[in-house]
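Which chain is which? They are A, B, C and D, in the order written, and residues in each are numbered from 1.
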């Protein structure tokens, strides 16, 4: 990636770091929407949106893109930034890249014939984000358990992206890792990686001896019935996005400590997250060049 | 799995071991087609195919099922066993399970309304078979290299089932593992597992410093052009099924030692292979019960 | 270990847990010096020291044993417990086991002909304590770094007990681990385990690229000269006992974040610590039986 | 290491490779005692021992140094090389480095006031040699077992250098590793590394379920009594130097396959071995410089 121009518009600390990282790779980077920040960025900053965008190959929006489905997620700008204003100014050779591009934004982009890519729809981004998520989950467990993860029984529910990386890290620390899955070939993978596999049907038999349970499945998997089989001194860390996988009310009644941890990458490792966004943006642009 | 009846018909040593393993789990097992073996099996053996099959829930054929597309692969039986004879005798409650059930066999099974499942089409079987394949590849490399795998540069072409497990084992021995892939999300996975990722475009730059190259991709990936960049003292182990991934003639001309290793699971670890077949058969039968 | 009697005298939460764990193994356990606690223990509790001790095989003191070199470290007892009073009451068949038995206590024990063993002098105890120490160090790093440990450059100073286990865990999480040592054979070990070895002379060349530095060496290893080569955004975690291995004043001047973490096992994982104490006590008593 | 001169005298293929490796680092290397070889070396070769030695800083002898305690181990030289002839020609600034320098050679060296260092007495050399030894042991096991090392029960007797590295590699391949030790702190280390520890007293209870047993202890540990508890289909790999750790006659009677594997580094990985010798020679010379 050389001599490409980028404009980073809005976003939180990660976007600021992202802008810096892209510039450090030798690219031209403009920023817009960081006027009210309390830290320094040594990049070209414009008051005028048109100037900020005009010469750029890629316009990088926030992750997630909007808060209220109208204005950009731009905590360091008091002035609201409307995404339609951006699209109006973009030409056919430019691309808009951001996270969670809602249907409304998509429709607007189409209206102005703007090419766009959603970072959160990129498989490599999802894989990479599983790394800080897994570390965040481990950090939480370490802080809330009176025993070491080493040699304790830890159960991971689900063997998707987060489940795979979390299991590997727990195993790497020396935990006695159990992983639940519902497909025979996932069971085969779990065994091949040296973890203890738990077929979903057998799950209730395993709860009793678990010291910590990490849920990665985005559905109600630990309801009243399941919770009743879990020990009071077992820690539950729920990593599932809303509505979550644990009946929190019931867990509280049963006095089982449960931590629902959301959006860990940005909280746990904003710089690493920014780097992953950068890598994914480069991949996207590399693909476009190939297509041309 | 309890009180189910099986008939194991034909097959090599793995089938004999399979029959024993199933019986050791407390199941009734008949065998047929092992009359000319030179080892002992303490299981009910029938001269009459009908008697052998009549009371069984599952009829287990060989892996692979046939040699000549007509008679069963039954090295321990001088008498030919015709698969049509088996299907004629089977009823609707029975299932035929074997490996590599060719189109011709499938058509015959349909003619007699026989339910069948191909073991080699099962994803968990393919995953499990990657384990002995990877060990076999490592064993070959250890025998043919004048250096240790530990700390040497090893390159794995492809990050499918075999690529994943082989990389893990090489890393576990202490090798400096490089893995080639062509999808960005596979690159992300490779990095997340702690191996060095090599995007397919950059491959030529890496050949020079590799001490051993394992190919798992079933297409001609190491042709003349690629081979010309590989050192003469680099070992190539090709694990790709026919037609293979290495231009063997060219490799010989260039004096690059290449070993094309096929069907490793049965050769390297017949007992483990038999166990994996058993597990997969149980999975198949478990699914059928659920379906009923 | 069966039908042995223990008296646990004084100590913090770990001692309370220890008493419970020993009892759960089927042993008789008396406690003394927990009268002012705010939690429950279902064990025989005595007001009279003589009754508490009389029938026990082993008297378990706190870790560390004393605060002021006179009275026992007994935070859950308002009444002071004098160790001389304990030794007066003990007979030749009993053993006193505690942590950090100072010279003064040793002399007193000899005066009354009391057998004693210092838990902190036991090599297995020191090895086991390295586990929660390493986890604690990792937890601290995770909380204070804006990047993931995964794929970052982490440097461990020293390859003793803590260095060995910390390196292994960091490697297991996917960190790019560098380990400093000053003996050639330690360098050989470090390489054999798959970490990057740094001979002490070369250390200054490595500081620049490190994201986190863990010190395990109990001497001033990071003084002004070394600190001046370390980046401002590098985190230093000092695990060395007093006087520590980092010039904290200088680090502050240079704006390098440094965390001096002491006595991690009891803080990070009191239950695991109690279990390790229990295992070591059993080892000690097993050895005594052999000696008889 | 720059601009140092070496003379490599005698030795097998490893010595030839060693000479090449040292030269590739930019040093001057003479060779002597390779006249009858059937391969090429592009290094200065002398007919006269004095010329070969005169300008060198270090004279590198074979590993092991002598065969018959009189003449050098020099398979590529028909002419016998007497070590006394070498020592006569050496001066006080030169050093003689070789493997297994017997008492007789030592006395002779002292007679001529020759400084010498035994490579096999170097701790780092012993550690490094454990790497090819462990790989060789794994290669042997893979070739002789009908099951995969992955998921099988493997027992390592002894937790010294070879035991430590072999356990790590077996674990890395996915084996279910058990390690025997007789010291409590070794048990602690074994557990901390995530293997199953077996205290020596409990060993008999574990034999029955082991699929492969690796012995690293140089004493008769598997005698008649122990062997009688081992399954007939268990493989034993004895890595202990003479007289070995297994009663081979009894093992044969009991029909337990036993492989006694000696001197693996030179056989399994001659190049890696040569590199380790080189590293150790550099360490030795680095230490001498410091001492000066």
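Points to keep in mind about this one:
Definition applied: a contact is a pair of C-beta atoms (placed from the backbone, for glycine too) under 8 Å apart; a residue touches a chain by one contact, two chains touch by 3 or more.
Every value quoted in this text rests on a predicted model; they were computed, and no experiment measured them.
Any chain that touches chain C and also touches chain D is listed here: A, B.
Here the chain-to-chain distance from chain A to chain D, counted in touching steps, is 1. Counted by C-beta pairs in contact, the busier of A-C and B-C is A-C. Same-residue interface: chain A and chain B share over half of the residue numbers found at their contact.
Between the two copies, chain B and chain D, the C-alpha superposition involves a rotation of 180 degrees in steps of 5. For the pair chain A and chain C, the distance between C-alpha centroids works out to 37 Å. Our note on geometry: chain B versus chain C, Cα centroid distance of 50 Å, whole angstroms. Of all residues in chain A, those that touch two or more other chains are 131, 150-151, 168, 174, 191-193. Residue ranges on chain C touching chain A, taken from their complex, read 131-132, 135-136, 138-139, 142-143, 145-151, 168-169, 171-174, 268-272. Residues 150-151, 174, 191-194 of chain D are the ones touching chain A in the complex.
Those residues of chain C that touch chain D in the shared complex are 122-124, 126-128, 130-131, 165, 168, 183-185, 187-189, 191-193, 280, 283.
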